[in-house]
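Report on the following structure.
Chains here go by letter, A, B and C, matching the order in which they are written, and residues are numbered from 1 within each.
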Amino acid sequence: MNFVKTIAAVAALLFAQGARAEGTIKVGLLAEFSGPFAGYGKQIQSGIKAYMKQHGDTVAGKKVELVLKDTTGPSPEIAKRLAQDLITHDKVDFIAGFGLTPNALAVAPLATQAKTPMIVMNAASSIITTKSPYVARFSMTLPQVTEPMALWSAKNGIKKVFTIVSDYAPGLDAESAFVKSFSSQGGEVVGSVRVPLRNPDFAPFVQRAKDAKPHAVFIFVPAGEQGIAFVKAFTERGLRQAGIKLIGPGDVVDDDVLEAMGDPTLGIITTHHYSAAHDSPENAAFRKAYAEANGEGTRPNFMAVAGYDGIAAIYEVAKKLDGKMDADRAMEVIKGIKLNSPRGPIQIDPETRDIVQTVYVRRVERVKGGLYNVEFDKFPNVKDPGKPAN
Amino acid sequence: MSAAPAVALPDARWRPAEVVFWLVAVAAIFLFPGHLVLGSQVLITGLFALSLDLILGYAGIVSLGHAAMFGAGAYTAGLLAKHGWGEPLSGLLAAAAVGAIIAWGTSFIAVRGGDLTRLMVTLGIGLLLYEAANQAAWVTGGVDGLSDMAVRDLLGVFPFDLAGRTAYVYSLAVLFAVFLVCRRIVRSPFGLSLRGIRDGARRMPAIGSPVRRRLIAVYTVAGAIAGVAGALLAQTTQFVGLEVLGFSRSADLLIMLVLGGAGWLYGGLVGAALFMIAQSQLSSINPVYWQFWLGLLLVVMVFAARGGVVGAAAAARERFLRGASR
Amino acid sequence: MFASLPGVLFDGVAYGSLLFLMSIGLSVTMGLMRFINLAHGAFAMLGGYVCVVGMARLGVPFLLMLPAAFLVAAVAGAVLERTLYRRLYRRSPLDQVLFSLGLTLMSVAGATYVWGSGQQPVHLPGFLLGQVRVLGVDVGVYRLFLVALVGAITAGLVLLVRRTRFGARIRASVDDAQASAGLGINVTQVFSVTFALGSGLAGLGGALAIDVLGLDPTFPLKYLVYFLLVVVVGGAGSIAGTLAASLLLGVFDVSGKYYVPAVGAFVIYGLMVVLLLLFPGGLRRGAR
């Protein structure tokens, strides 16, 4: 009898290997956790941790389990292989994360093939949501946050602009959205430059901008280190002294590195969907939970809030489906979902599965607590104007 | 360089170890059904390493830019599939042709000059191609990569499934076919002359062997094979990223080949398997550790274990046989 | 457009000077010991991190950290040369490539482990910031400082090589190590000291480069190509050749990025292949 029991136990173990435990909801978190974009994955994960700190790690009677995978940077092939692992091995119910567009683009076809919902928590190029009916985005798109910048600038005395963007999909999105919108308001784009994605030295490009004598320089680079390098070159070349303003989407003054960038950032005006200084009860609660989950004094940025809202949506799906995960029904729940995010009210457009949110105009100021993007104007309910992809 | 054995007469018999090797590769389909994606990537990289072995292990050309042909093959297959021609096998042939052309075109510079110049030229060409692909983003997709590839079913019957089984069998079949060709080449008089060039290029003309022509020939063949490997990667992953042309792909390949042992044909395959399996295990724990220990391994190998894994195994076998025959 | 030429040229010269400082050690190593040292960038990186640590942790001012960066990198070079590099002088290029590649990987991993993968900021002293007007052109003060410093160091190097006995020994050993040893020159010592000097200069260059090129653990791999480029194009072992190549590449890189930013990075590699085709032995034509 013991012999049979042992065999049964061993057999059970063998068969359990790789099978999904029935009582969990597995969420694959595929993002950058090492390399030059390491901050992206970390912020997204920290935002998720904040939510789970507030709401616990169980929903609809099941435990939510995160499986982390590191893409190490803009490496679409690694992302694709890891996503395949997540689907076939870990049998995840959702694949979330995606700090960079190239990685999201590579994984989208897999989401369709495997019928696994894909929750984009940062990648910002418009075409991503068109690549699969199982993609929903909780971050933003570049055209969405850029167009208000063009509108605001045209109304505020900026008539001539020189644009500098990083040469990849979001950068091109930002450039074309700005140029289109700004020109339609009567503004003039006096020059455009595209820099390589991991460019170390902005000096020649900034110099060229300065020589064109614009009223303002429009900048888009991926948040983090590129922003630091750019602002350094901008300051060093004396553009501020020459009276040239710096405008652009909020990536260049990312909350994650703003404090480290210091006073050269004062006065930079940007448009974005989230500032850590946003004044609302949801944000206050978010910041508190964030500090508790990740350490005193840590500050969330727009990627953290997208992680927060993304996992909130997953919890919503779990509640509505009573824990029984099904991709098509999950997408039905997500389409049209409305959340009171720490950034402001957000909604997922049922047709495009992309995010609709308020875009704020902010200025970098030194307030109690440090350097922050202080909001002073806003554009509510902005949809992504970038579809269909140009 | 490597602890090469005494030059053996071309021997077409299959050693038992070789048979086992290929049987294991086939058995993996049934033994490791959940790891076939990694498996096909190992096979593809093995094929790529095979092509480097031809020029490094047999002809003595140190190249830091072999990814140029690999990437070119990948983009060829990718672009064909994206723009309507999704048939896999003909895609492979097209990629082989492109790889061969690029290799042939650059071979004139690559076989000239001393080791350092060759290193620089191969490196430079690799980087040039990378930048060109980056700039020509309207064709290649740039950093965002080439997606929307519509690769049709293999032989019209087998679709490329999510678990990677078709991809694995496809890669294995192509690898084996190319391997047979390479085996024939190195056991031919041409192959022997390559080894002669590797060991003492200056003496070769004295026996009437046209050094430059031989090198160009082998470089071109290696380029074709690298192109095929690249196309395989593109077709099985349905994606081409800019990294197919990157420096780290070339550098990692060199490491894999040396790890396994250059000049044995199997060295590249063994090295690729060891490297990639170890990398996938250790990298997921901590990428920093992987890099550090890999570096340390390289340093130790240069001082201690010349000839790589296969070389060491062959040397051990020699000693064993010598001991047994006493 | 051409009104900006003097400014762009100056920027190119500044960039080229930095490249020269970081590459001259590699040039001499390759010319003297015929050793392909792909790990050369690691010494530059070491100098950079020494500078950052000294300023951030010990509060030492930037200018004082520069000689410290030089010294630490030089000592590291001397130690590694003695223990490891020395045994590989006669080995094949492949072995040398593998060894130095291994060292590079270890240094990159080590730097990531200790300092993380992010960029290291450096806060230059106030008097090195901003711009000044020189001959009607706005030039950055820091870049002016770079050019002046490297100019002085180059002059010093030339003096060392041409006017001192040690310099004569170096030149003799580059020409023919065997014959020099036969004449009683302690070639081993020449190798050691030169390697240390070259590494030290690289370290100094690395510290100076933080503000211009940034500093992160991937530095050795990122800029390896540029160093190799400079050495191969300029001719290994030649100070004048290395200088010419550095300045040429610096100017072309910056001008490329300024005038045709769409193909900026491309220009350098294209230039290299062209130069290699025309001068397979490097630019080393005139006097050393």
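To be clear about the criterion, a residue touches a chain if its C-beta (ideal position, glycine included) is under 8 Å from a C-beta of that chain, and two chains touch if they have at least 3 such contacts.
Since the structure is predicted, the reported quantities are computational estimates derived from the model, not experimental observations.
Engineer: Would you mind telling me which chain pair, B-C or A-B, is linked by more contacting C-beta pairs?
Structural biologist: Answer to which pair has more contacts is B-C.
Engineer: Please indicate which chain is farthest from chain B, where distance is taken between mean Cα coordinates of the chains.
Structural biologist: Measuring from the centre of chain B, the most distant chain centre belongs to A.
Engineer: State, to the nearest whole Å, the distance from the C-alpha centre of chain A to the C-alpha centre of chain C.
Structural biologist: Chain centroid spacing, chain A to chain C, equals 39 Å.
Engineer: Which integer distance in Å separates the CA centroid of chain B from that of chain C?
Structural biologist: Taking the average C-alpha coordinate of chain B and of chain C, the gap between them is 33 Å.
Engineer: If you average the CA atoms of chain A and of chain B, how far apart do the two points sit, in angstrom?
Structural biologist: 38
Engineer: Which parts of chain A, given as residue numbers and ranges, touch two or more other chains?
Structural biologist: 34, 196
Engineer: Mind pulling the chain C residues that touch 2 or more other chains?
Structural biologist: Residues 262, 265 of chain C touch two or more partner chains.
Engineer: Give the residues of chain B touching no fewer than two other chains, as numbers and ranges.
Structural biologist: Residues 134, 288.
Engineer: Provide the residue numbers of chain C that touch chain B in the complex, in ascending order.
Structural biologist: Of all residues in chain C, those touching chain B are 30, 36, 84, 87-88, 91-95, 97-99, 101-110, 112-113, 221, 225, 228-229, 232, 236, 262-263, 265-266, 269-270, 272-273, 276-277, 280.
Engineer: Contact residues on chain A for chain C in the complex?
Structural biologist: So the residues of chain A touching chain C come out as 34-36, 38-39, 193-196, 200-201, 203-205, 207-208, 211, 225, 228-229, 232, 236-238, 260.
Engineer: Quick check: in the complex, which residue numbers of chain B touch chain C?
Structural biologist: Touching chain C from chain B are residues 1, 56, 62, 64, 109, 112-113, 115-117, 119-121, 123-125, 127-128, 131-132, 134-135, 247-248, 251, 254-255, 258, 288-289, 291-292, 294-299, 301-303.
Engineer: Please name which positions on chain C make contact with chain A in the complex.
Structural biologist: Touch residues, chain C against chain A: 3-4, 7-8, 11, 116-119, 121, 129-131, 138, 140, 142, 211-214, 216, 218, 222, 254, 257-258, 261-262, 264-265.
Engineer: So in the complex, which bits of chain B are touching chain A?
Structural biologist: 34, 37-38, 41, 134, 137, 142-145, 147, 162-164, 233, 237-239, 241, 243-244, 283-284, 287-288
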